[in-house]
């Protein structure tokens, strides 16, 4: 009998035998119907265990972006240009980085327009609290 | 139903239907484009994807990164796949046999948008026949080419979108070669000449321009072609964090001009007006050299013996920009 | 089993004729087969079509045939096609020609000593239908020679087969069948 | 709503018309097709039905067979009934997508009008295309005449769409010898046919926006094998469903189908095994042989895939000499029928003489006389208890005799 791929425990998936697979290798996004997905924020969606939302690629990172709320102007550049849907922004406010999904590409830092930047790359092993302490000062505009 | 997006803050209210923890490279433009396209509408979306990076990295068993229905069949058939899903949708709608949730959306005026994503290999080369056929037949769907000018998924071979002078794994620069010998072909015009109601070129770095064009595309009935610049950190060999900057250099140098072609058609499909609009005009056109210098795939062009290719590049870009401006002025 | 071979040029309606005959015969409860040989040649090329008729289901799918009737609907094919191929002792020939039987046999000596009938299906179709489609008149001639069906029954049956055509065309075909039925010698 | 077509109790249809009528009656939602000789009339007939209001679905004239099958895959994954027709080179162009269709478990129906594969180019019938696609994971049904092409096409929808199966189905018919040969066909009336085929039951439909589904995933060494195993298992286990559908069809029409076709095999000493119209011609030859005292019979595959192993051994197990007649260029080995029959018999400890005849390539006529000669050779072998002829012979060929092994 094919196992219910909408509800299977993540740990069990890798041990499934051929006889437990869904014919055609179809994968489902959600455990239960979601009538209007654009109305449901990610944190409220009934993700099936087979949705990569439930997975993580954070270990790909060498460096991580750290977010400094004090400097942020909520411009949303980091949100729109993040390739990995790893900038958590709600109600037009930048909240932080979803480290489970962030691959550490650094685009968010590059596109951040504040001075000093509100997002900066720090070594993966460094504590975010520590990173915030080391935040650089405002850069003076170079005179030509 | 057109989603109102006044500014980036408003756009950021979008609830993504494309998920993280997919397996694309860090800093990949494909993902940014997909997000911008999907977030341009609140209507349901159904996606077909050609074989390529996007396909092999977002549906690797047993995980999917899609919160919309999605299909991959092969390398060369994303267009016919999307077109036939569109046809199937219309048959079911006519027969009154749509699934209830879908029917409810349709009743609210939110018809599903059917989108194909394919790379330049799947578009300019192996998928061109299927694309041309689907456009000629006039199915109601959007085709987005994620144009990174190379077969990135298979390890960086040249495609017919690879620009002159680029070093790829099958057109490598060497002691007696400056790399790719051919100029890339103009897919935007080719697709516009199919009579498609709306065709546009976009860059993910100019998100608002992209979203606006996608929205326009969703509003017309018929096949829509979007050629999206997709800077590739792996094959263009720039640093992942520079994706947006490299994209911008392409736009600001007019290597990657942002424009649209609108074929207005009457109820019989006869085109009575063709207009080309340049949708972004750099304040100051930067030299092509700066765009090339940002990408190690062009590094060898800066050797004395290859400098003439840079000159050639500039000439070609200037001529093309001139052509687009003339067409825009002439309203054709 | 009754076997019929048609000699025709592509476009002259031999396949339609063979299928029309099959349709009529099938309505009487018999089993039929109608087929043709095609190559990639287009309109005007010589071709052959075939009918088989039997009281029991037809299982034979060989193209090889020893025909009971050979129907030649294009006059030229009498001379250029191998119309006597695989003939039997009693094979009957119905040949479209403007010649008399004697003149015809003189012009094509290999028909000497065979049971030959002549009828000018070309002229009949031009007179009645207005185009050189000699297939239906040939069927009229076949009815007369074979005695398969009487004229009235066959005409009624053909009306059904042709029912999708305009009345004018059906009437013209009926006339063509009748003329050939009466004129075959 | 499509118009009802009034049909006679007996129609004179060629195989193409028979297949087209079955597609019409099955109320297919999407037919995506491309013309190719000799299957072209199927889609021509179908588009005429559409033009006259007898079809409620969509007919998409695509730009290649590759797109025809891709369109069927997408439509089927979208949750609608899809079908197409092709032959030969077109079939070859579809091959890549045939595997996608079966791998994604989409119950598409493909009517294949069998034709030779180039080079040299040839538009006539042989089984090269059928052989090319036999490992594609589809259910393969074989017809020998227009009536069967019609019946099996209707049944193909029922079999493939059954929730226990969900696999695509090919229905084969011989190019020209069936496709362009008009014969008596007893069709079902539209409402009977529709009732028999039933409504399409979508599974994991892409059009259901509340339940997003991902089709056509990537699997690597950690998953591919299991999925292919599942697919093979389900193909093998389609047999009871095929039998059920055959039985229900018999109840409705009186026409009987079985996995393996047998003619006069109860006491046969020698048997021809063939496919397509040759099966019926061989019956004529077998009857003539029996008049001469040779106990001849005919066996064929009604269902080529899944391979009816037990049934074929049961049919041939007591025969002394068998002709495996392959209508496809064997490409450096024995023909497929020879290999598969020999393997099946050997696996069950049976050792009759099995000879391989390559015949009828590119539409070369297969005469009753030729089949009689085959029986005579078999009779000699049967009496001698050993192969008195080379194991592989080309027959009906001009020039010196060609044989191998």
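Labels for the chains are A, B, C and D, by order of writing; each one numbers its residues from 1.
The rule is short, and it goes like this: contacts are C-beta pairs under 8 Å (C-beta built on N, C-alpha and C of every residue); 3 or more make two chains touch, one makes a residue touch a chain.
Here the structure is a predicted model, which means the values were calculated and not measured.
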- line: Output for shared partners of chain B and chain D reads A
Field: Inter-chain centre distance, chain A versus chain C - centres from mean C-alpha coordinates, in Å
entry: 79
Message: What's the distance between the Cα centroids of chain B and chain C, rounded to whole Å?
response: 62
Approximate Å spacing (C-alpha centroids) for the pair chain A, chain D: 52
Task: Report, in whole Å, the distance between the mean C-alpha point of chain C and the mean C-alpha point of chain D.
output: 34
Query: chain D: which residues touch two or more other chains?
result: 209-215, 217, 219, 223, 227
- prompt: Multi-chain contacts in chain C: which residues touch at least two other chains?
  reply: none
Task: Identify all positions of chain B at which a residue touches two or more other chains, and write them in rising order.
output: 59, 61-62, 64, 66-68, 101, 105
- prompt: Taking chains as nodes and touches as edges, what kind of graph is this: line, ring, star, complete or other?
  reply: other
Query: Who touches whom among the chains?
result: A-B, A-D, B-D, C-D
In the complex, chain D residues that touch chain A: 103-106, 166, 204, 209-215, 217, 219, 222-223, 225-227, 229-231, 233-234
Statement: Residue positions on chain A within touch of chain D in the complex are 14, 16-19, 21, 23-30, 33-35, 37
Task: Under the touch definition given earlier, write down the residues of chain D that touch chain B in their complex.
output: 29-30, 32, 56-58, 60-64, 66-67, 70-75, 77-80, 82, 96-97, 100, 202, 205-220, 223, 227
Task: Note which residues of chain C are touching chain D in the complex, please.
output: 18-19, 22-23, 26-27, 31-40, 57-64
Message: Under the definition above, what is the set of chain A residues touching chain B in their complex?
response: 5, 13, 25, 27-30, 33-42, 45, 50-57, 60, 74-77, 79-86, 89, 91-92, 98, 100-107, 109-111
